[in-house]
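Have a look at the structure below, then the notes.
A, B, C and D are the chain letters, set down in written order, and residue numbers restart from 1 in every chain.
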Amino acid sequence: MPDKFVGKMVPTLTEWRRTFHQYPELGFMEYVTTYKLGRQLEELGFNVHIGKDVLKKESRLGLPSDAELRTQEEEALKHGVDATWLEKMRGGFTGLVATWDAEHDGDHVAFRYDIDALPINEAKDNQHIPYQDGFVSTNDNIMHACGHDGHMTIGLGVATFIAENHKDLKGRFTLLFQPAEEGGRGAKAMTENGWLDEVDYFYTGHIGISSLPIGTIAATIKGFLATTKLNANFSGVASHAGMKPELGKNALIAATTAATQLYTIPRHSDGISRVNVGKIVAGSGRNIIPDKGYLEIEVRGETKEINHYMLEEAKRIMEAAANMYDVTVDFEVVGGAEEINCNDDVVSIIKKGSNSYSYIKEVLPTINVAGSEDASFMINKVQDNGGKATYMLFGTKLDYPHHHRLFDFQEEVLAVALETYVAILKGGSSK
Amino acid sequence: MPDKFVGKMVPTLTEWRRTFHQYPELGFMEYVTTYKLGRQLEELGFNVHIGKDVLKKESRLGLPSDAELRTQEEEALKHGVDATWLEKMRGGFTGLVATWDAEHDGDHVAFRYDIDALPINEAKDNQHIPYQDGFVSTNDNIMHACGHDGHMTIGLGVATFIAENHKDLKGRFTLLFQPAEEGGRGAKAMTENGWLDEVDYFYTGHIGISSLPIGTIAATIKGFLATTKLNANFSGVASHAGMKPELGKNALIAATTAATQLYTIPRHSDGISRVNVGKIVAGSGRNIIPDKGYLEIEVRGETKEINHYMLEEAKRIMEAAANMYDVTVDFEVVGGAEEINCNDDVVSIIKKGSNSYSYIKEVLPTINVAGSEDASFMINKVQDNGGKATYMLFGTKLDYPHHHRLFDFQEEVLAVALETYVAILKGGSSK
Amino acid sequence: MPDKFVGKMVPTLTEWRRTFHQYPELGFMEYVTTYKLGRQLEELGFNVHIGKDVLKKESRLGLPSDAELRTQEEEALKHGVDATWLEKMRGGFTGLVATWDAEHDGDHVAFRYDIDALPINEAKDNQHIPYQDGFVSTNDNIMHACGHDGHMTIGLGVATFIAENHKDLKGRFTLLFQPAEEGGRGAKAMTENGWLDEVDYFYTGHIGISSLPIGTIAATIKGFLATTKLNANFSGVASHAGMKPELGKNALIAATTAATQLYTIPRHSDGISRVNVGKIVAGSGRNIIPDKGYLEIEVRGETKEINHYMLEEAKRIMEAAANMYDVTVDFEVVGGAEEINCNDDVVSIIKKGSNSYSYIKEVLPTINVAGSEDASFMINKVQDNGGKATYMLFGTKLDYPHHHRLFDFQEEVLAVALETYVAILKGGSSK
Amino acid sequence: MPDKFVGKMVPTLTEWRRTFHQYPELGFMEYVTTYKLGRQLEELGFNVHIGKDVLKKESRLGLPSDAELRTQEEEALKHGVDATWLEKMRGGFTGLVATWDAEHDGDHVAFRYDIDALPINEAKDNQHIPYQDGFVSTNDNIMHACGHDGHMTIGLGVATFIAENHKDLKGRFTLLFQPAEEGGRGAKAMTENGWLDEVDYFYTGHIGISSLPIGTIAATIKGFLATTKLNANFSGVASHAGMKPELGKNALIAATTAATQLYTIPRHSDGISRVNVGKIVAGSGRNIIPDKGYLEIEVRGETKEINHYMLEEAKRIMEAAANMYDVTVDFEVVGGAEEINCNDDVVSIIKKGSNSYSYIKEVLPTINVAGSEDASFMINKVQDNGGKATYMLFGTKLDYPHHHRLFDFQEEVLAVALETYVAILKGGSSK
């Protein structure tokens, strides 16, 4: 087994990451990103699956509007995406799955990397390295502000390792390049197309979610909450507020009552629960009884049962608030995640080759962080079938938090993460 | 026609009033009062109707509990009510109707007098004439604090006039001695038994509701609001507030939410509207998710349509508040009144004999006062059938307002009121 | 006195109106409109006052942002507004006052015409005459959808009459071309600069506010409500809704609580009251405890006392809602009006010359309509000083209501209104 | 050391318990109970402290009214309490402290037994052993339904052991017979008089709180929450709801708004939190704007910091709700408890003499139960000074839960508990 692989890859990792960073795309519209990844993985020798093979159509959550999709599909053609590829991806079927059967029998190991960006206007600021070094986003109001450009890069690095060392590896490898992680919208559709059904080991993770220093990684996490994201639209009847107040059916007071009362859902004695109304927009003119109201809500729970309890309570409260003012309400689930319970077994797998580490300084068995992740759908599917799974964290100094327009990470973390995955491949899957 | 009738009656009026004052009874439990009135009216020669002939069973609102009824029925026997009479009145069938057909054909004229008292502890205080002069209430926590003792007295005076002068009068006379006016509970049941169906003229009124001086009367009123009185009972499931908050179905928060939101019913552009939650009682122990909640509510409207609008809004809001917290709610209508629109025609009838007045100093055509009265059911029934009706006010100085434990009126108002009714009988019905 | 004046003016009125219609401007940014009016009035011989002479700086309500003002000031230069004029109007000092002292002593009569437009996208539709006849708005998303283009036209017509007939008229004339009527923002600043202080008679009015047919006018109105328009900004502290909910200071729940509870202000027994929350916007991301909340509110009252009561209640409720969630709230009054009580005396003045009417078919003494108008500040100021004032309505068929993108009126109403003002000038002020 | 002590005591324990059971007294009114205990402890040779020596006057929470206190003080005289003793206890200074200095130097060990009963009407029912065997409560509506009759009995047993074996024991012993545990009202006042200041070991516990079988005990507990119990009184101004709604200052809507909004306090990320409004009573008559509102509230927290956070949030919300409706609110803290963290060291002390147990079958090191206890004030005081403390549970079958009118326990648990305390005395303190 080559020991120098990671060191050799460092300049390539940096180049890949910076290229991805320049062309960020929002969830279910990663047409260019998917195409670039796909072409490289094909060249490495992987079987690449795209389009409806990748995502179950009706399980995708929070899909953009048709108009948005079409606009980005046109852009994709202008940016060189092959028309045949695009045809398969049209309508928000982005992301891909790359598979490789190694020479020798062995476990089925899956790795997952998320690829979408955020609707954030990246800072054009000299203190911000992507701007200073000329790889700032070229797409207005879109930015890789959560490190997914790094995640994809690591994924390509892992793919390169597998391709170069396939003769020494055993088992099957599935690399999931997942769209629309932000808001918890894409993992479910990938999972429900069966990609995790026969997986023995599943690994994914995140750059810099905690304040671990560079070189430190956590092999497992604790404390991620199950969550459901939903929107509510209240609809009533407008009327002149001075002349005919009694003829209005006030969607604003229904929405404000709902918003206030949502916070009254009882605490659950089985564990942590959360509810938040993140946004409300209602009404039009000052002298009009408002006929429209809109809420963005999320609920969370320490277990999926608690999350379900919160969701059902929230829906009943909102329906009642609508009835209270004789208006209607419709819900749309636009995202979600389940809780995550990592398997401790993976800690020893990761640590197995630790004497040969160059970039990893310390492996913590676990770290407790709050958060929610749709990789949970994959993890729980694998575990339901008897497999083992983990969600790892890769430390890096962060001057600005995730989702900030000045977010950036230490690029050295790419090597740390790649070394981790190589250790997993060597430790868990090499003959 | 005798001119001296009223003057001759003055000592008798005072005596009657003081006797009634000593034995006040609550609504639908005026067993002794009804019996005394009935006997006197029989002696005068009236046909007296009691029991189920008087009140439509299911139209009585806010009936006392069976236990309360039984207790007062026992008391009635002890106080000399004839067992045969009592048998007819049992179960809250109090009040009576006394009828007389005059010698000559003519209009059917109805007069109404309310007979119930209030759950108020009458002042035992030297400044209070009923105490000073020894006719204070002998029934604990019950008091004629709204002047109905005076109303009955006037009614007996009117009956006496009819009996003495029947040869000179024409038409039919119906005297309604109505139970349970307080809370708007008795008039509807009398009306729905048909007593007002063929009435040409209807007169009723109140002592001292406004601050008119003694001797001044208003022939009609304006501004009385339609109203509905209702109670709401919320019922949920108790749970330990510390250990299992999520298992409770919280009837207290449903009731408090309902109470707060009831005040948000939109104003109505067609006229005055009102809503009030007069009382809330919910919950048991501090550390228990409450399973019971109780509200006392009233709505009002300048028209019966506005009152209906308020009632329907109120009920929908309370039902929604119950659904919001997964509890149930039941409503009970315990009282009500309609709006009153008096017929101006009665003004001239009342004024017709004004040159012979001894006690009346001034007749105002109308006065604007807020208030609600279940005589409205009778008035509206008469008017619906083409009859004329009014609600009059008889001025008197009041040192304390109605429903106060020191309430008292100038007894001279009894003569003023009797003179008014005599003027009506002479003016409208004498040949 | 010339009898043919109005007839002669008809083609000119139409032309003026259509020209104004093509260049609508929003409140406090009527730079081009003011300039055009001013130049014409100067040519007619009026003394024209502009800029800070017209409006009291700090009494202007709901001023646009500096950026908006600057943009429109640049536009004004491009559209030919003289730089010297613009300098005086800069910063939202639009509108003008034109004065004329007649040859003979007499009453001081003031007329007021409002000149601003609305942020509405005018219909480009063949059924819409302004589009069909080629005088549709040339300013995107701005439209004269309330008839102020007509009001200005009438004002110029009145000015022309005064200029042509000044030798036959007595007294002083003040023509107020008021900016920013929409939202009740401009009249107060004109009034507080003293323009109404010595006025004996004040006349203003509106085209087609009711459904009076063309030719019918109402000399006075009843039922306009006093009103205050205010915005509330709630400000708290954001926090991660999953990880640190207790660290947030939730401006959204403060705003939604305020919005709901505002509707609970008790009805006022002295007359009509209203409250409406026309708009709410709060929060940013779904998983963030919201740190911002914004409400647009109006209160109304049948009297200024009731309006004041509503405003004080509303502010206390919002402050309490902010305190409830440990956030702050700031209010901004952005508009308002007082109640209007017209002087009946003006009816006879208007009717005086009625035998010579050509366009007016009927003069109603008064009409009862709900509504709110900042001309009320002027009317009340005149009346406070012993003058007489009225608000008139000029009937016209309306296929679409005011503030609708298809709003239009029968142009014949311009002649009706001009004839009314001429009648006033002849009847009230001619020697 | 005598081995047969517990067995010998069994009949006495039963007799004592049944005697206490027959004369239950409510918190701060345990005059007879305190006197009986005090006399027995004096006879055993203890120094007995009563009255103001025992309780810090102003630290007592939820004191009964003066009238209630006086009534029970009269009862106490009738039931044979010595007048001199009573004089010291007057005004709610019940409970006592009994101290003993052993022959030999050693640790200061404190034991605490609570002595108050509950306002529950004990079942007179043949399935209920206290009724069947003739020792049912003789005080109407008061019942030992939480096992404190057993606790006192155990305390007397322990005192007897100390008195009989003082020559073999070392150290100092303080027996705290605490009043008013129910509602968390008495322990604080005892603690703040200094009785726990120099204690090395502190032991207390409860009969049958969990469903442990008879013979099983838990040496420590986990999961008790800190709590504060408070009442809120809202005070406004009444007004006639139909005639003058705007003149009312509505204490009911302030209280209902407070009650609803209290449930919106954000969850705390550091641990469990709770809030409950257990009771609301507001308003008087249906047609009156309510001027009074009353709430009974409790908050809880996994730590005292979280409890404090909940309390401060709750108070701010209620104050704001009062301000919202221009009424006032006053709070009264009527009870409370802190969280409990037992010292594991005591497990080995309890188990030390386990080979000689007759009644104890199993000692669990700890058990996790929710609950709140004012012994927490004592425990935390001891620990703050470097001492060790625990709260134990003594298993018994319960056919009905604590605070039920059919509550009863297996009397054998008295021997189990006494054996536990004897083991502690032998293990921890014998020479």
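The working rule: contacts are C-beta pairs under 8 Å (C-beta built on N, C-alpha and C of every residue); 3 or more make two chains touch, one makes a residue touch a chain.
Because the structure is predicted, anything quoted here is derived from the model rather than measured.
Placing every chain at the mean of its C-alpha atoms, the farthest one from chain D is found to be C. Of the two chain pairs considered here, A-C and C-D, the higher C-beta contact count falls to A-C.
Per-chain Cα centroids separate chain A from chain C by 53 Å.
Centre-to-centre separation of chain C and chain D, using mean CA positions: 70 Å.
For chain D, the set of residues that touch two or more other chains comprises 243, 245, 253, 257, 260-261, 263-264, 266-267, 269, 274, 289, 370.
Taken together, the chain D residues at the contact with chain A in this complex read 260-261, 263-264, 266-267, 269, 272-274, 370. On chain B, the positions that touch chain D within their shared complex are 183, 225, 227, 229, 240-243, 245, 252-253, 255-257, 259-260, 263, 274, 276-290, 296-298, 300, 370-372.
Chain D makes touch with chain C in their complex at residues 243-246, 248, 250, 253, 257, 261, 264, 266-270, 289, 309, 316-317, 319-321, 323-324, 326.
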